[in-house]
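First chain A sits with chain B, and in the next complex the same chain sits with chain C.
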Partner chain A sequence: MLWDGPPHALVFPNLFLGEMSVAIIEPVSPAEMVHRHTAVQLDGVDDAFNARLRRQSEAAMGPAGFIVPDDAVTAERIQSAMPTQPASERGWIDMSRGVEREVSGEAGQRQALVSDETTNRGFWRQYRRVMTGETA
Partner chain B sequence: MSAEDQLREIEAFLFLEARLADESRYDEWEALVTDDMHYWVPAGPAVGQPSDSLSYVNDNRARLATRMRQLRTGKRHAQTPVSPMRRLITNIEVLDSTATGTTSDGDEYRVGSNFVLYELAAQATHQLRIWPGRTTHTLRRVDGELRMAAKVIELVTATEPQPNMTFLL
Partner chain C sequence: MIDYGELVGDDRVHGSLHTSPEVFDDEMDRIFTKGWAFVGHESEVARPGDWVTRRLGRESVILVRDRTGSVQVLANRCSHRGTALCWEAKGHASSFQCNYHAWTFALDGALRSVPYPGGFQKDKADLGLDRAGRVDGYRGFVFANLDGSAGPLADHLGAGGAGLIDRLCDLSPTGTISLAAGWIGHKVQSNWKLWPESDNDGYHLYWVHASMVDTTDTYYEDAVLGGETGNRSLAVDWGTAMSSSTFAPAIGRSWRGSARPGPRLPPIARPWRRRSASIEPVSCCGTGHRTLSSFPTCSSAR
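This part shows the complex of A and B:
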């Protein structure tokens, strides 16, 4: 969950709430996923407001938009390094940024700076828990 | 202007517009559009009001200007480098026209055509992507020259998940 700045949250495993857009990530294969998104629409407001949310979601999230396509190319570049290497030479993706300044909050949450990879680590920690039953 | 000459003029415009888009020549492409240009790529058939749903592209002139400004920065990962592209345009038909035999400013032509665009996704995967679809142009005569007042693109694959579409369709 991102609190500092416009709110973003990932609800494990594949629901993403980004400002006023809702996205679902659907894994297809180890090398492919589909990212579906739509705009939040509010009851009881002027349609001009909802139309603005639709336009913002369109501009940010779609395949011709200004945010997700750049992310998608970055993900493709990372992915291209993965399956083509033998497992022994694949190395690691380092997600340690900010690990030294992570602190535990009152509700058991981990907190760090907005640019740290606390959320990424949280995702994979939960993934391991679900897939193996390990809690470490 | 004879109907034959008019069709030739329209074809020449479509071919120029296509070539500038293929070569990501943003300034020259943008010079072809009118001040009220609407650029629309719906996520399904082009029916109803674009503002009522979510489209892949739904640019008024101001939003199109933002898109072009972004592309020109050369800092968009999604088009760094730009995709090499070539498109074929066929089945050109003048669907509708307000022209009355003489050519005058304000004349409009609604023109339908089919296309197949070949795009090399050179930014990461190096896949050759094939984009088939239909375009409906609204062309308007401004200062004696044809300009593009609307470009509506209905992709054959519109209802399917899409890879990056950050180039000029």
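This part shows the complex of A and C:
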């Protein structure tokens, strides 16, 4: 029953299920946000186990961890390079990786290799649906 | 009027979506006011009177459990002159009192008392705190739709989103989890949408997270670091939820410690390599669960 492991997923628009951490994505302004996270704690296990999950979450997502600080540097570098002008032929972001090898799963979901940008395209598809009024 | 159909293509998006104040205003309205967004977890407000503050779109809100045991999402804003009621990240209260003129509100947001009542002619029932139009939850995860115009939460989550939450909660022997261990916020000078992108991107690990790749030994080895065709995981788009790693194909071997004996970066990643922290090997904390993991430092599978 547990073979599938924890989720590594985004629930639109602001909930990140980061395996044994959970994060909230909080917009502040066009160029500022807060990435807020906590360690998942399991009910019904002894505290030594949950303490271990807390240490792991700190190592992954915390201020001195492996993941969020490095992603933050990248995010700020992206932000510094983003165009402020409206759409033109300049300033597009490519997310085409793996388009040609996406396949449909049993429930109709699109899937491709983990290194493909299927998840990124999925976020923006939902964004477009909401922002164009196609769905709320 | 911004044409989002033009700015968001099937395989490319325009960078101005990350910088435009007008786009940001539209997002706060269409995504965070008219749609469903995650607010917090029921375990954070376990007892009546427990509260936490959160930001939901442009608003500060209070997630609180009222006296009847219901979870409320209230505006953190006095209905009199607009003062923020709660200044801490969390607390426990029997009521909320504004520090400006001491208007006092019940845990469900109802206005209880107004000092110097002789000069106040309005009906208190009309001056409760603003509250989210719709609040609903799934397995302890509380979501709110501020203006109340969205459809059912189940439609928003879809089978994909619910299934991903199930997958997390089902790791627990009781089927329930807690998110009350404390939250850490990283303030980042970037647009918020860069995080749904990078949190859920299976392509960048070798480069952005070279120090992790270099020092840890986890199921990531099989799931996402095996090279483009060697990895055994999937990126999946469920519609309103997206999963960048489905670990099932990669789990099924014994747990192996988390510290690597030596560097193993592929040549392509070496230019990005930085000094890695010295990490002591750790022992497995297994409790009988087959698979638990916390990227990047540990996995256990048995």
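What we mean here is this: the second predicted complex is superposed on the first by the 118 of 136 C-alpha atoms of A that agree within 3 Å, B and C clash if a C-alpha of one lies under 4 Å from a C-alpha of the other, contacts with A are read in each partner's own complex, and residues count from 1 in each chain.
Throughout what follows, a residue touches a chain if its C-beta (ideal position, glycine included) is under 8 Å from a C-beta of that chain, and two chains touch if they have at least 3 such contacts.
Being a predicted model, the structure only gives us computed values, none of them experimental.
Looking at the shared chain after the overlay, A:R52 reaches chain C, while chain B stays out of its contact range.
In the superposed pair of complexes, A:F66 makes contact with chain B and with chain C alike. When the shared chain is aligned, chain C comes close enough to touch A:S115, but chain B does not.
In the superposition on chain A, A:P7 makes contact with chain C only, not with chain B. Judged by the touch definition given at the top, the superposed model places A:P86 against chain C, while chain B stays out of reach.
By the touch criterion stated above, A:M131 is placed in contact with chain C alone, chain B being left untouched.
By the touch criterion stated above, A:E76 is placed in contact with chain B and with chain C alike.
Across the two superposed structures, the residue set of chain A contacted by chain B and also by chain C is 34-36, 38-39, 54-55, 57, 59, 62-63, 66, 69-70, 72, 74, 76.
The part of chain A that touches chain B in the complex is made up of residues 34-36, 38-39, 51, 54-55, 57-59, 62-64, 66, 69-70, 72-74, 76-77, 80.
For chain A in complex with chain C, the touching residues are 1-46, 48-50, 52-57, 59-63, 66-72, 74-76, 78-79, 81-87, 91-99, 105, 107, 109-128, 130-133, 136.
Interface residues of chain C facing chain A in the complex, by the touch rule stated above, are 4-8, 10-16, 18-21, 23-24, 26-28, 30-32, 34-35, 37-38, 40-41, 43, 54-55, 57, 141, 149-151, 156-157, 159-161, 164-165, 167-168, 170-174, 176-204, 208-209, 211-212, 216, 219, 223-224, 228-229, 231, 233-248, 250-252, 285, 287, 289-298. For chain B in complex with chain A, the residues that touch the partner chain are 41, 51, 53-58, 63, 67, 70, 76-78, 123-125, 161-166, 169.
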